[in-house]
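I've put the structures underneath this note.
Consider the two complexes below, in which chain A is the common component and chain B and chain C are the respective partners.
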Partner chain A sequence: MKRVLAIAALTVRAAIRSRVLAALTALLLTAVIGLPLTIRGDGTAAGRVQILLAYTMGAAALVLSISSVWSGCAAISQEIRDRQMHLLAVKPVRPLDIWLGKWLGLTAMNAVLLAFSAAVVYGLLEWTARPAAIGAEERAALDEEILAARASARPDETEFETATREQFQKELAAGRVADGTHPQEAYRAFRHLRRVQFYAVPPGALREWRIRLPVAPTPDRPIFLRFRFAKSELTPAAVAGQWFFGTGDQARLTTAGEWPPDAFHSLALPAQPLVGEREIIIAFGNADPSGATVFFDPDRGLEVLMRAGGFAGNFARAGLLLLVQLAFLTAVGLAAGTLFSMPVASFVSISLVVLMKLSGYIGEMAGQRHYFAEAGRTGPGVALADHLLRLVFRGLRAALAPLDLPNVLDLLASGRLVAWGSVAGAVAIHLALYGGLLAIAGAAVLRRRELGLPS
Partner chain B sequence: MPHWARREGRRNVTSETTLVEAKGLVKTFRDFWGRARVRAVDGLSFSVRQGEAFGLLGPNGSGKSTTLKLLLGLLRPTRGVLRVLGRSPRDVRAKARIGYLPEESYLYPFLTPEETLDFYGKLFGLSARERRRRTDELLDMIGLVHARRRPVGDFSKGMARRVGLAQALINDPDLLILDEPTSGLDPLGCRQMKDLLRTLARRGKTIVLTSHLLADVEDVCDRVAILYNGRPCAEGAIADLLEERRRVRITLPADDAAAVARVLEAARAALGAEPETDHPRKDLETFFLEVIARARAGALDASGAAAGGSVARYLAGPDAPPAAPAEVPTTDPNEKLRRLMAPDAGPPPSP
Partner chain C sequence: MRRRVTLLYLLAALAAFAGAARVQPELLRLRRAFHLTQADPLENMPPIVAFTTVALGGFRGLLVDALWMRATRLQDEGKYFELVQLAGWITKLQPRFASIWAFHAWNLAYNVSVMLPAPEDRWRWVRHGITLLRDDGLRYNPGSAQLYRELSWLYQHKLGQDMDQAHFYYKRAWAEEMTRALGGERPDFDRLAAAPRDLEALRAVPGVAELLAALEAAGFTPPYDHVLDADPPPEPLATRPADDPATRALLDFLRARRTRETYRLDPLVMKAVDEAYGPLDWRLPGAHAIYWARQGVPFARSRFERISLERSIFQSMADSFLRGRMVENRELGYFALTPNLALYPRVRQAYLDALEEFPTDDSIQVAFRNFLSDAALIFYTYNLEARSREIYNELVQRYPTAAVPGGFEGYLYNLWQEYGREASPGQASFFVESALYQSHLWRALGDRDRAAGYARMAQLTWHRYMEIRKDPEFRARTGLPPLEEMDRIAQQRVREFIEQARAAAAEARSAENPPNP
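Up next is the complex of A and B:
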């Protein structure tokens, strides 16, 4: 460990002496202070706070992400190029010690820079929400909806899934699935259609959903319903309707109103009637006189939010999650820099990062059975090409899916809980599992690589 | 046996323990596609015993540096067997006992000499107190105490090389591997380097070095291997390789010309051949060091490397005499004679 710490300290010292740290600090300061001045918000305190959390902190995270990959690529590849690695490799230091030392040094540097950015953003938040700048009511709304850690819950789809599968089996048995269609593809399409129906409310109808609450409501813990819908008519006119909330079969609260489509709406519900309940029923009655069907977005269109903690803790957890992501990016850069020269390592690392960002698309493609055949190509090699491509997409999906993390700054800006579980999960997956694999791979490459080859 | 060893009574310090053993060593460099391009080392076999100073000689591209990199584990042999300190060169237990001075300065330019030595000392697991002690002694030895807090990147090549030497010695190595050790050093530095190597050899340290400067190798090494195109062309003890055993040189004082003439006449009569006569010449290094020694008497502060102190105490061994300035050879023949006649200093202290 002494050797790892010595190499880590050397890495930090290199960043300080080469003025990389100073340049990054200046860049972060410019981003954190300059960016809010260039973005026009909605004029409200909530809008300004959300800009600080989503955009300003996002810009800092982007700068640090790029620098993590870059410095990771440079840390070992440059030392191999400049032969400083010769002196290091002939000392009694294991390749894994070298790798871990570099990683630890760069991650420590990232931690300091991230803490600096977060401190400045936090200071700006306090300044924006200071009593002299906003009224008590606005401050209270901020505290309830953004400067909070709200746990979220979505409708329970267990019964829906069971019913859909049973229904599909019946359709299959009745021979109502088109010939040549793979059952999995047919089921996917069938489920998608049923899910849209599960979240659709025809005119004059009432649809209800069951939601398990993440924490039991208390009198001082209001519940927020956040919803967004589209409607079957292409007019922006608001849709009239009524919300019902309750437990069992009893609706205890109702709220009537009109809400425009394609926008997020939030309803605050007093928690008193639901105190102690862990499961509630919500229902929407479509009373729109124009006869439009309402479609709630199946993924993000219907959720209940409840306060589960304070903002400071949430902000700290979000920072930890960002740091884990930066540490992972550093590991990616380091592993690439161990194997390749700086330009190639940068290209490889950035390609990997882009692949990770495309995980949604890759997941979709992995679900398909045909690619070339679907594009109308025929021939003896098409089936084989489809098969190979499917294997590639599935392999990528399997490798990348565990790395998928929610956008932590979006969570923060919408006042959602960044749970300790998410942080622990990211530490386990990003650092322990994937970071560990990258470390082992990097150390193995460093052990195998002949550093003394003529350049 | 090198002349300095004869002069200083250093001998019989090599043991039967073999520290480096190479058998049928082959190193082929390949291109990106795996095609063999250059065979840098071709069937090299040699061994180095503990306490021996072994030199690898050869023209550029003969495979000297490649061989050193194989010894250090920076390259892997294509074929052959290589054991260093009884282990694979890549074994960290072997590395813990090796000191390496590369041909170029591969130091971190942003570190000061003090920080450089401290960093490498940490890699060897030395305690903070020991690192401080050794750093102080090494900086004094290489004459860079005054520049201990300047970044190495600001140094001249010679100064950086001195720091490189110090880092190679921070662990008090059993095996010292030096690639062109006097490259980039001024004559004074060369002399100090050679003095240091002799001291280390006296302590039973094993030295493997390459050099283009044949005189340096002759001064320091017990045995040499001469490489050409990666193949060994000659190998053996320097004394065996260079000594002309069929000829004898006698050096006489020239003060009494008549006496010299009588000696020559006697030689002619006894051998039936005309003896060759000339006046011995001091070598340029000796002359240079004399000039510098005179100049140092009124020396002013310099920004470069100072003259350097004595060998670090932990390197010189527990019985080393108190620190003294680097030795400058005298040209006084009587002084030389007194040294040659001095009783043997005895075997070196064990490491």
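Up next is the complex of A and C:
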């Protein structure tokens, strides 16, 4: 460990000596302070705070991400090129110590810079939302909806899933699935249809959903129901209806109103009647006189938001999550820099990062069965090519899916909880698992790499 | 030898540059004169635009795609706080592409605004759409007829019509802004145009330096813009007589500056528009729709663009005729728009001009026929039968199929019944108000039975119209003001009419019997 720490200290010292740290600090300061001066919000205090959070922290994260990959690539490859690695390699240190020391030094530098940026942003935030700058009402709304850590919960679909699977088995047994249709594809379509129905409320009907609350309600904090729906008529006219909230079969709260379609709506409900409950029932009664059916968006159309903590803690956890990502990017850069020269390492690392960013698209492609055949290609090799491509996409999805993280700045700017679980998961997957694999691979390459080749 | 050749090349290049520099201004002038480019060449291009259009080169497209995808995603997720900035970036990355400006202004003013329940939030987004076009879009595309037309449309349709649930809020908010900026419904355009252009010139007006010092002592610091927004007016102004030259100079300066810099309106152009199409109430969106459409006409390069702009003008004028008179009672929180009868000759002329230019365009023919039809009924219900008959005669002369067996009365009776069944909010409003007007007029003339009949008709129409508007959203958007308030306005109009009639009679009498010298 001593050796690792010594190499880390040397790495930091080299960064300071080469003025990288000073340049990065200046760049971060420019981004964090200069950006809010040029960005236009929507004219509200909430908008200003959200812009500040999303853009300034986003700019800092972007600068640090680029510098992490770049400095990771340079840390070993440049030292090999400049023959400085010889001095280190001939000392009694293992290749893994060198790799870990470099990584730790760069990560420590990132941690300091990130903490500095976060402190400046936090100060700017406090200054923007100071009582003299915004009204008490706006400040209260900010505290409740943005400068907070709100946990969310969506309707429980367990029973729906079981019932859907059973129904599908019956359909399958009755031979109602078209010949030649893959059962998995048929099930996907069947489930999609049932799910739309699960979130649809016909005119004059009442539909209820069960929601497990992430935390127990406290009497002094309201619970927010956020919803959005589409309706079966193409008119923007609002839909009349009534919401019911309660536990078991008892509706304790009701709210009647009219809500336009396709927009997000938020209802603040007093938590007092639900104190101590961990599972609630919500129901919507469609009383629209025009007779339109209401369809709640199955993925984002219905959720309960409740305060699960303060903003400072959330901000700190978001910072930690960002640091984990930076540490991972450093590891990617270092591994590439161990294997290749600087330009090639940069190219490879950036390609890997882009690939990670495209994981959503890769996931979609992996779920597809035909690629060339779907594009109208025929011939003996098409099936094989499709099969191979499917294997590639599935392999990539399996490798990249664990690295998917929620957009931490989006969460922060919308007052959503950045959970400790997410931070712990990121540490386990990004650092322990993938970071560990990269470290082992990097050390193995470094052990075998011929450092004394003539240039 | 080689050096000499190089020197020769350099001299030739220098001469070519000098020649190009000499020819360039004339080329630019010709480009403008013959409309050879979509927009005028930009001078003093802002750094951000210069950077994005020149330095980024082909990568602009990629950046725009990424920003556009982000904007779409955020809008879909209901996260609107970044959209103003993203729209600004997307448009500035392609600053000469007028359709992009038009799309984003539309998106902010129409699509985003209706997602928000509170009228004040909606209004903020409608304003974002307007300012994007007016302040930036037209700045980078000063010769784009499309953008003038789009801006005119926002005023005419989004603010002026009743398609949005919050349209009354928009109209009121705009009227308040304009009242602060212009000082009333009909500003003195000449005074605004002649107002000092900068603070130095203002200070040179006698008495202004003392007035500014008093304002500063009262907390109004340069550039003194908040003076116009202060309610009640700042004490140093309130304590001076209204015709105090220094006060007038200051207010003219502040109003002219805000008119030019914030609302991008040129007082002299406003005056020309008002003379051509007015008298307009500049607190209402219709006047601004006409202003911007008129500004775009010289840049129309196709028949479609020309017709679109002309249509904006005559539709806005027809709207101003139908609802171009603002009635506001701040104490009661009441705000309504009623017919502006004085506009009739100008609206008619605007239609005739458009028809002369596009005689075969069916949409203009139909619009003119509908306008004449509305006008005949409105004048009749305001007891101006001769004018109404004159309009009817023109209607049947131009459109013989409009004639009905019952002649003038038969036509109006049919129309009355038709409006009773399917009246638009504007038509229903004048329908009820005019019946109330008749009621008060006949009461003043002593025919109480007839007056009661008209009052009953107004009540019946009001209740029938509101009865079918059970849906509160529909009612809020297209409903009529309270009957009592409409009655009060009609009574006021009758009072004004009688006063005018008395004054005219007195004038006629004095003309007949001139006082002895």
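Couple of notes before you dig in:
Operating definition for what follows: the second predicted complex is superposed on the first by the 443 of 455 C-alpha atoms of A that agree within 3 Å, B and C clash if a C-alpha of one lies under 4 Å from a C-alpha of the other, contacts with A are read in each partner's own complex, and residues count from 1 in each chain.
We adopt the following convention: a residue touches a chain if its C-beta (ideal position, glycine included) is under 8 Å from a C-beta of that chain, and two chains touch if they have at least 3 such contacts.
Quick caveat, the model's predicted, so the values are computed rather than measured.
Partners chain B and chain C fit side by side in the overlay (superposition on chain A).
Look at A:G43: by the touch rule set out above, it reaches chain C but stays clear of chain B.
In the superposed pair of complexes, A:R13 makes contact with chain B only, with no contact to chain C. In the overlay built on the shared chain, the residue A:K2 is in contact with chain B alone; chain C does not reach it. After superposing the two complexes on chain A, the angle subtended at the C-alpha centre of chain A by the centres of chain B and chain C comes to 120 degrees, rounded to the nearest 10. In the superposition on chain A, contact of A:L87 is made with chain B only, not with chain C. Legend: residue contacts after superposition of the two complexes on their common chain; A:L451 is shown touching chain B, with no touch to chain C. After superposing the two complexes on chain A, the closest approach between C-alpha atoms of chain B and chain C comes to 35 Å. Common to the chain B-facing and chain C-facing surfaces of chain A is no residue whatsoever. Residues 39-44, 46-47, 50-51, 54, 228, 236-238, 240, 258-260, 262-265, 289-290, 300, 410, 413-414 of chain A are the ones that touch chain C when the two sit in their complex. Of all residues in chain B, those touching chain A in their complex are 29, 66, 69, 72-76, 90, 92-93, 95-96, 98, 100, 102, 104, 106-108, 110-111, 115, 119-120, 122-125, 151, 167. Note for the complex: chain A touches chain B at residues 2-3, 6, 10, 13-14, 17-18, 82-84, 86-94, 447, 450-454.
Taken together, the chain C residues at the contact with chain A in this complex read 77-85, 88, 114-117, 121, 124-125, 128, 165, 470-474.
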